[in-house]
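So that you can tell them apart, the chains are marked A, B and C in the order they are listed, and the count of residues begins at 1 in each.
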Amino acid sequence: MLRTRKPLVAALVALPLALAGCAGGGSGGGDSDDQTLTIWHYENDESAMGQAWAKAIEIFEDENPDVEVVVEKQTFEQIQKNAKIVLTGDDVPDVMEYNKGNATAGQLASQGLLSPLTDAATERGWDDKLSASLQTTATYDENGLMGSGEWYGVPNYGEFVGVYYNKDMFAQHGVAVPTTLAELETAMATFQAAGVTPLAEAGAEYPLGQLWYELVLANADQEFVDAYQLFDGEVDFQGPEMTKATETLADWIDKGYIASDSAALTAEDMGVSFINGTYPMMVSGSWWFGRLVEEMNADWGQFNFPGNTLQVGSSGNLWVVPTNADSKSLAEEFIDITLRPEVQNILGEAGGLPVAGDVSAITDERTRTLTQNFDDILAADGLAFYPDWPVAGYYDVIVSQLQSLVNQSKTPAEVLDGLSGPYEEGKADLLEG
Amino acid sequence: MATDTLTPSVDESPAGQVLRATRPDQRHRRGVARWFVLAAAGLFALLMLAPFVIMLLNAFKSPAEYSQDGPLSWPTHLYLDGVVAFWERVDFPQKLLNSIWISTAVAIGGTLLSLLNAYAIGVGRVKGRLWIIMLFLLANMLPQEALVYPLFTMAQQVGLSNSQWSVIIIFTVIQSAFGTYLLSSVLGTFPPALLEAAALDGASRWQILWKIVFPVVRPTLSVLMIFFFIWTWNEFFIPLVMLTTNDTQTIPIALASLQGDRMMDATTTNAGALVSLVPAVIFFLIFQRTLTRGVTAGAVK
Amino acid sequence: MSTVQTPTPPVERALPARSRRSRPRWVAYLPYLIPGALAFTVVILIPFGMNVYYSLFKWKGGLAPMKFVGLENYAALMGDEQFWTSFRNSIAMILAMVVVPTLIGLVLAAVLFDYLGRRFGGGVAAFLRATYYLPQILPVAVAGVLWNWILNSQTGALNVVLRSIGIDDPPNWLGSTSSALPTVMAVLVWVQIGYPVVIFMSALQRVDPELYEAAELDGAGWWRRFGAITMPQIRPETFVVVLTCTVAALKVFGPIYVLTRGGPESSTLVPSYYSYLNFFDKSKVGYGAAVATVLTLVIVVVALVILTLQARAERREEGGR
């Protein structure tokens, strides 16, 4: 490539200085290589995204016959942990799938590793196609905070958390689909009385945190979410929204709605136990949909968390263009193709929750319900993202504190205390840059 | 077992050897106690193997069955689709080749480097050898996350980005730290008489290394080869950072592709791991035989 | 060990080396160290130096700007409770990865080699050794999945078995703060045992069988022979096993990551994992570098102690020869 081999010693001496001073060596503007488009992503070929993107690549190749498309299938771990390191080099892809949020895409953006896409977004009309709450995760400011600033990523699909339920077990115990939180608690009590623990959970990974956040959102409003996620205001961890949610959760644990030994269970454990009918309900995300279709024998369905306007969810992963990429305009063209109806509808058909698709075009009923549920949330601008997003490393804090709640070794107030400390620290870190 | 002209006379008279072989064996082959000990050792082995049994149970199970019946159930039929799909998706043969190449190169290179270092330290008794060993061991003591950023940047600078050679060089150094330590400890107790006699016969240091020292420490060298191969085979973190495209990556990275953001394909992970275990186990079994080709340093008599 | 009777040495050798040679004998061996030293500097020393350098900065990684803060990261470390917890847990790791496996490994290796090998043949010993070593060949990630399947409090094999024999409320192995650490320790013993067994068995190859026979003729039982002959003979390997297992215990990361992620409630947090969290999850590269540097220093000190003990033992033996 462009760099020549330097004598080792000189290179090593220059290194610390290079790292300290250099801020992005990208070519910016024109493509230095318009013969190849290199794409990195980590989705399964059979998944909704995999299928849709295969179509997008097909279309791209049709429209650009002299460009070679190279797809490198990566692993999630690789891109998540190493993007920071790998993108500083020369061997970077032109367009890459990356996780959304402050802690991930925001970090890369603030480090100057991503190329801004604002111009492309306005020219090609992406800002019209995507609804407001989806655009929040596409833009980041200089501190890596989402919600404002330049466009750095473009989502193709969405995701959200709802309640999966085992229809057979509901029928067996005469429980109706709840529409309010109170009804949900009654339903759980019915199961509990019959000796069935109602809710499958996992304390060692994300599910418990997401359930807790759903409960917070039940009492919160958009202002709260903006303060929590975008640092638009102060968050009172001992305030009514958080306290009520944590106390409710502690209450559910006490009543046995959640298994008392779920502190060490993983999301996999939770999913498997829901699939094999141990629990009638599971509060988790749209990413389980495909697997449930494949593996669940009992009749099942999905409903939005009852009573909430705000729901846990966000845009899906983003397409980002690294600063050091050498075919930026090709990358932008590819991204544009992924937003076209032909591609988006493939996503929809496969249950991938497209951002710009047509719900009525979906043939399978369950998939259509899921997608309609998602569209309803979008229409109400109800995506409130995820609880671990605001601050880097917050995921482990939430897991740890909520494990204390499940093990009943800390009171709700203590748990909230444990949550607020790292939040405030991380927020200060992020804001001072 | 290389005893040739340079070694001092050794009384390996046939009579002595035969005596040694038969007397204790005949005496020991009786007695009931030995069966109890064998049973205990066998039980212990079963305990060690229990997780592998579970692994076997789940490697060829369909995901639906795994979710419905749990990890402890017997599969009703042999399900190979998952592992076949995985095999093709990650281009397993290529990964296998990469892993074998890297692990073998490191095993050989690391052992060689260790031998050279240990020769100077253990036999040559260089001054300050305690500190030198300490320094080499630093390679093993550093947590890998501390090394990875600088190593990646350096590899970039010399044009070795996404090259398997960077991984080979890094691990040769890291593994040889252990090898240097083990070998120099062993060579530190090497009988000086053997060395002096050889020197008297006019052998140079280089000849002594290969004709006298090498044969005696072969079991230890075999151990090093085994360890280095297996340790490098399973290395995940540094290859993850240094190797960015599919054609250079190794098996552990391929296995990791089954673990997504929130979902994990448990049955295919088991099958893939099983397949990847096979070369490592084969390597172990081959080299384990050289371990038992007992060479006794006590041949000095 | 009796020394070979050498013929009258040439005049040169009879005089002390110093007066005849211009430099000591060991210098001639220095060239053998050159390849190792060179590779080591490039791959280890320089990155370590850079790591220490990074620890003096506040840095998010990648192309972000670096802010010099001197020793502030280290000062923050001293007051960081999680940091101290992680080192406390290291002691448990040392117990699980050094003390127990070394002791059991020694006995197992001797039993396999000395006792069973002689009575049932080398094949049996080799087979058993292979099974004990198998856990070491398994990638940590897969071992984590397997053990999770065994230790799962609801559906795991262990609790299923316990429930079937009447224990109604078996412990929540990995989920309760009181049992998580011991459970992780037990898994670590399972993983580690093969390593000392293999090393010690190769060490036992070096022991002169005649020593054993002589002792047997004198009427010494198996344990007596074990203590008086086996252990001193394989002393170098014992030190190596102790040192390397200790370093591994201080550095342990993989098993913690796959079994508990440092939980529940940070009860199984270890320094390496804490450093990793800072480097990658929290993007506090400077802080993570500081944790890594401190960890390295601790390891170096511990290793020095062990190495000094080893050198002293060696000197004592040399003097006795």
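List of remarks:
Criterion: contacts are C-beta pairs under 8 Å (C-beta built on N, C-alpha and C of every residue); 3 or more make two chains touch, one makes a residue touch a chain.
In this text, all values refer to a predicted model and were calculated from it rather than measured experimentally.
Distance between Cα centroids is largest for the pairing of subunit C with A. Taking A-C and B-C together, the pair of chains sharing more C-beta contacts is B-C.
Taking each chain's centre as the mean of its C-alpha atoms, subunit A lies 40 Å from subunit C. A straight line joining the Cα centres of subunit B and subunit C is 15 Å long. Residues of subunit B found to touch two or more other chains are 70, 149-150, 154, 256, 259, 264, 266. Counting partner chains per residue, subunit C shows two or more touched chains at residues 42, 46, 50, 61, 155, 280.
Residue positions 8, 12, 15, 19, 81, 85, 88 of subunit A are each in touch with at least two other chains. On subunit B, the positions that touch subunit A within their shared complex are 63-64, 66-70, 89-90, 148-150, 152-154, 156-159, 161-162, 240-241, 244-246, 253-254, 256-257, 259-264, 266.
Only residues 1-4, 6-7, 9, 24-30, 32-33, 35-36, 39-40, 42-48, 50-51, 54, 61, 108, 111-112, 115-116, 118-120, 122, 124, 126, 128-143, 145-147, 149-150, 155, 157, 160, 190, 193-194, 198-199, 201-203, 205-211, 213, 216, 235-237, 239-240, 243-244, 247, 250-251, 253, 272, 275-276, 279-280, 285, 288-289, 292-293, 295-296, 299-300, 303-304, 307-308, 310-311, 314, 317 of subunit C touch subunit B when the two sit together in their complex.
Residues of subunit A touching subunit B in their complex: 3, 5-6, 8, 11-12, 15, 19, 42, 44-45, 72-78, 81-82, 85-86, 88-91, 99, 206, 267-268, 271-272, 275-276, 285, 287-288, 291, 294-297. On subunit C, the positions that touch subunit A within their shared complex are 42, 46, 50, 53, 60-66, 148, 151-155, 172-177, 180, 260-266, 277-278, 280-284.
Interface of subunit A with subunit C (complex): residues 8, 12, 15-16, 19-20, 22-24, 81, 84-85, 87-88, 103, 107-108, 110-113, 203-204, 259, 261-266, 269, 273, 278, 323, 392-393, 395-396, 399-401, 403-404, 406-407, 409, 426, 429.
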